[in-house]
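Labels run A, B, C and D following the written order; every chain starts at residue 1.
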Amino acid sequence: MKLHEYQAKTLFSEHGILIPNSRLIVDLTELEDALAVVGFPCVLKAQVLSGGRGKAGLIVFVRTPAEAREAAERLFGPTHRIGRLLIEQAVDIAQEIYAAVTIDATLAKGLLMVSAEGGVDIETLAVEHPEKIHRVTFDLRDGLAPYQATGIVYALGFDKNVSRTLANVLIKMAELFMRLDAELLEINPLFITTEGKIVAGDGKLIIDDNARFRQVEFDEEFLEEGDEAAREAHAEGIPFIRFTGDIGLMCAGAGLTTTVYDLILDEGGTVANYLEFGGPNYKKAVKAMEICLKVPSKVILIVTFGTIARADVMAEGIVDAIKRLKPDRPIVTCIRGTNEQEATTLLEAHGLTPLFDTEEAVKKAVALAKEATS
Amino acid sequence: MKLHEYQAKTLFSEHGILIPNSRLIVDLTELEDALAVVGFPCVLKAQVLSGGRGKAGLIVFVRTPAEAREAAERLFGPTHRIGRLLIEQAVDIAQEIYAAVTIDATLAKGLLMVSAEGGVDIETLAVEHPEKIHRVTFDLRDGLAPYQATGIVYALGFDKNVSRTLANVLIKMAELFMRLDAELLEINPLFITTEGKIVAGDGKLIIDDNARFRQVEFDEEFLEEGDEAAREAHAEGIPFIRFTGDIGLMCAGAGLTTTVYDLILDEGGTVANYLEFGGPNYKKAVKAMEICLKVPSKVILIVTFGTIARADVMAEGIVDAIKRLKPDRPIVTCIRGTNEQEATTLLEAHGLTPLFDTEEAVKKAVALAKEATS
Amino acid sequence: MSIFIDATTRVLVQGMTGQEGRFWSEHMMSLGTQVVCGVTPGKAGETVHDRPIYHTVEQALRHHTVDAAMVFVPPRLTKDAVLEALAAGIKKVVTIADGIPLHDTVIIRQKALECGARVIGGNTSGVITPEVAMMGSFPHWIERVYKKGTIGVMTRSGSLTNEVTAMIVEQGYGVSTLVGVGGDPVPATRFAELLADYQADDDTHAVVIIGELGGTMEEEVADTIQSGRFTKPLVAFLGGRNAPKGQKMGHAGAIITGGKGSVADKIKALEAVDAHVAKRPREVGLLLKQLGVKP
Amino acid sequence: MSIFIDATTRVLVQGMTGQEGRFWSEHMMSLGTQVVCGVTPGKAGETVHDRPIYHTVEQALRHHTVDAAMVFVPPRLTKDAVLEALAAGIKKVVTIADGIPLHDTVIIRQKALECGARVIGGNTSGVITPEVAMMGSFPHWIERVYKKGTIGVMTRSGSLTNEVTAMIVEQGYGVSTLVGVGGDPVPATRFAELLADYQADDDTHAVVIIGELGGTMEEEVADTIQSGRFTKPLVAFLGGRNAPKGQKMGHAGAIITGGKGSVADKIKALEAVDAHVAKRPREVGLLLKQLGVKP
């Protein structure tokens, strides 16, 4: 679960990491009050989960009420349709740092990464100057030791005035990462202000969905955004991504679905959506089909090779879904695994022509999509 | 720092360990309201830190308002002078367990000890039937693992109905022990009620004084009781214990003080108080003397062998104290260590006759105490 | 021969009295696996498939010699169950649960490394030496997938594994031992850590790895080949070759970060050490044949 | 010879720029100790007693070969400093701070055991090989206490140690190496763990332990003698023989619990293995003489 910037920052602040003075608003009527509290200059930041907000014009620096109103009108307006806007005090910045905590899977440790050059495209820096990103691993049971935080801060060349404050922020980041069962906690940029304070300029926080049962503070308020299909899929726990192509995928198993995606592109096809109803979701074929049909596509391609996720159960669900939802587009199936024969019989009895070779199924789906387009 | 039963139980309750319904009262006027809330039968428990409250008549089971009033009057009365009384609902007890968490210094682990036979004299059980006390150690970074709690519960022979609840209480005890920097967390008895609930019947909790800086929730409210001398010593961080003998000890170093105590008893003497002003307290000779003088004694015996705790600094303090406080009883000194010569000169200049051999000093103090008595 | 399990491996099943535990224990036994006892707290004295159940692993080990623990417990309880097995001294553990919290998987791997134990999982079907023994939830009855043979298979996936092994079998090969290291971002055992075992196993003539975008496991395999510690033919199939950058598809492990962990990177690393990368599942079998691997 | 430190031991001082660090470093050096560098975060580039200061231990080790770390930092920061030294691979650490939180001392000992390192302290004056080298805060200028000789001394106390060693010196003996394991309930190194070193040291003819009520360190010494792993003469002096039961006197470690850890128990355990227990400090020297220990 990805949190919005304002949600991440609220958590930072509660844990003792400084954030700029700010107000969240959901429409234009709240703008004036927010500006009165925050003052000028300030920054209007659209609260969306996608990256590259700056380049997309979703972060706007303003100096006057008129500038603020213009920017807010644009962001709330029909082009961007932003739901939530963070009005944030502009900070006097002396330096921008990059800091992130994640997992080192090989060492089985927490991993802190810090660079004295934040704010920029950190991925480019990672590729071109990997030595500028300092790393230290820590035991997830112990947290980041003060000596580790101190060590990385001095290795980065910070002077004594900043080092203790910065080391403390890094320790708090690691603590919060552990307390929240986070996959990633990233602050980029992390500001050093002209007064020597350390202030979070942004906040990226991904909470492990598998740990939601013990991270109960994240209620519905924290749910991911998206269109209706995405929200429904999320509510059902069905992995789903929307694209803009022709073929709606309804497959079982992340690896197999990804592979089908690869094969479609190899064949010159395009994908309308990724949807994976394997594992515990294999009985949800009806729901999966319903979500798929909400996405514009020219053909639906179903590929499974189930084991515990029994082929006959999945086939039953598909047949049931077809009966109920009466899909307006062709369906290609390649359903194999446990009780495959029963599945095949069932699908044939309902007028489908089951296939058993993934490549063949992909080719057929691509061909059908092209037919529908031409 | 030892906590009172009611303080320990408040912490238990906040951490999810059940405690009986209860009210704390500080005088008779509060009794009626408390009884109205708690109901009958109930137990009146004097909140004092000494052990053996049951045998001393400080825990009274009552069935009627008249019995309750009689017991409360006695406990608040001149004989006992109890300051705080816990009025606690009587629980329907099916079984009494012993459970404690402490440190295993050799293994450097947390240590959980549980016996199915609680409520009795656990020290006797430990000597006579050590096999009845089950032990499991746990990493202080991990806490008590569920499988360890489950293991000890089944090893003790509990059945399925109780085991999960009891295992959870044991895990919570370990958590609380770690969270509070405790030296000891003991629940004896831990009740299993006739309804199968696990309820803390008592609570002993000792917090590590060295960790007070990070256990800020223990404010003055939680301070140990005692007479004026004890409270003053505590406030100064000076280890102090009151006895009823003749010789007031004012020594430096726990080991040396304890040894002087031994030697006094070997010589047929008795001790009025233990007071240790070594280590960081070596500059507090004036305060130490002031505390010593508040305790009735026939002679004050000062023995030190200081290193960082410089002899001359201690001698200066003692001379200063004598000048200011004008003690009404003889003082024997045996002050050695760093700058011993300067110390000697100073003491002699103020009319004292410094000794340099501990045994000799002890003999002199015992002789002076006998003289004063005869 | 085989790696990890064979007909002599004595297996303790944690969570044996549960629905899943019962079902798959029976299949493990029917395939030849020596299941000697089970553990479920509160159920000591019961039996499942004629095997005695104990409250704790420690209690079970007082009555049985055990080589490996098979964990069938829900994801929230998996860490505790694995740590119990490790604390009791068991050196081989398979855990299949899908949905173990990330930080729990870190602790599991950390403890396994500390103990010098091999834990396989989670989010996997487990380990199978076809026609000999199995720990996990493999539908060994699907013969066109789980055929005995000479190809060692390591995989991060479930359904995709069936897809690929079916293609191996199609070309006349079979599997020596298949290890599902699992689809979690932090699998307890990593591909490269198993290569020495496959290298030492005479009945494994080649190894197939079924990988994915994300993580660095495939790159570590390349490093191991580079170091000369693995010299048998190796064919990889990797899902997510065309995945859009930055998208999270399915597994949390499949996040592309900072240009590392993309399938292109993995292919480059593997081809640099003369490992072979199949573009389609069907190519895996064809490549084995082309390389002259003996069935 | 000696144990733990000698003239060749290269020592790094953590917290060297502080008042205590400066003062005692100078005394350590004046006694012959090879102090090679110091560490204080934020002070890299400075020098103390002509020795360079570094921000971190890791940084210092890039410039110096170090055998041991001496920790002069406040008790609240001690755990971090010791763990830093251990993480950097230093295998001998002395920490003198009085007032380290109990749970921190547990972690310190745990990590030391895990690393196979020897950490001495806290709540001690440290380690001294008189006239050769010293790590800690020993007033070596008090000659009637810190005289070179053949008696190994281990102690839990401060002032009492002076009291007892003065009595050893009074009888014409001196000290080979004195190790203050410290007065905390959980010392990082325990008496029994040092016996093998004293056994191996040819210049140690006998060992004196200065113990106290509470804990089981003295009982462990008896166990080690019983096992035959320590065979030299051993004399113990134990404070708290007459202590009232259940009272907490001074150290938290000196709590009598459940009839274990009383001085009577310790005396019984030691006498059962033919170790000698002195009733008074003066008897320690007399007993050594009586046993015919060579000075």
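Convention: contacts are C-beta pairs under 8 Å (C-beta built on N, C-alpha and C of every residue); 3 or more make two chains touch, one makes a residue touch a chain.
Predicted model only: the values in this text are computed from it and were never measured.
Chain pairs A-B and B-C differ in how many C-beta pairs they share in contact, with the greater number at B-C. A separation of 50 Å divides the Cα centre of subunit C from that of subunit D. Once the centre of each chain is set as its mean CA position, subunit A and subunit D turn out to be 55 Å apart.
Residue positions 139, 141 of subunit A are each in touch with at least two other chains. Because contacts link the chains in a way that matches no line, ring, star or complete pattern, their graph is best described as other.
Residue ranges of subunit D in contact with subunit A, taken from their complex: 41-42, 44, 55-59, 77, 80-81, 83-84, 87. On the subunit A side of its complex with subunit D, the touching residues are 145-147, 150-151, 154-155, 160, 163-164.
On the subunit B side of its complex with subunit A, the touching residues are 139, 141-142. Looking at the complex, you find that subunit A touches subunit C at residues 51, 103, 105-106, 108-110, 122-123, 126-127, 139-141, 178, 181, 183, 208-211, 213-214, 239, 241, 243, 251-259, 261-263, 265-266, 274, 276, 278-280, 304-309, 336-338, 340, 358-359. Remark: subunit D residues 75-76, 98-104, 106-107, 109-110, 113, 125, 137-139, 141-142, 155-163, 166, 183, 185-187, 190, 210, 212-213, 215-216, 220, 237, 239-244, 246-254, 257-260, 279-282 touch subunit B in the complex.
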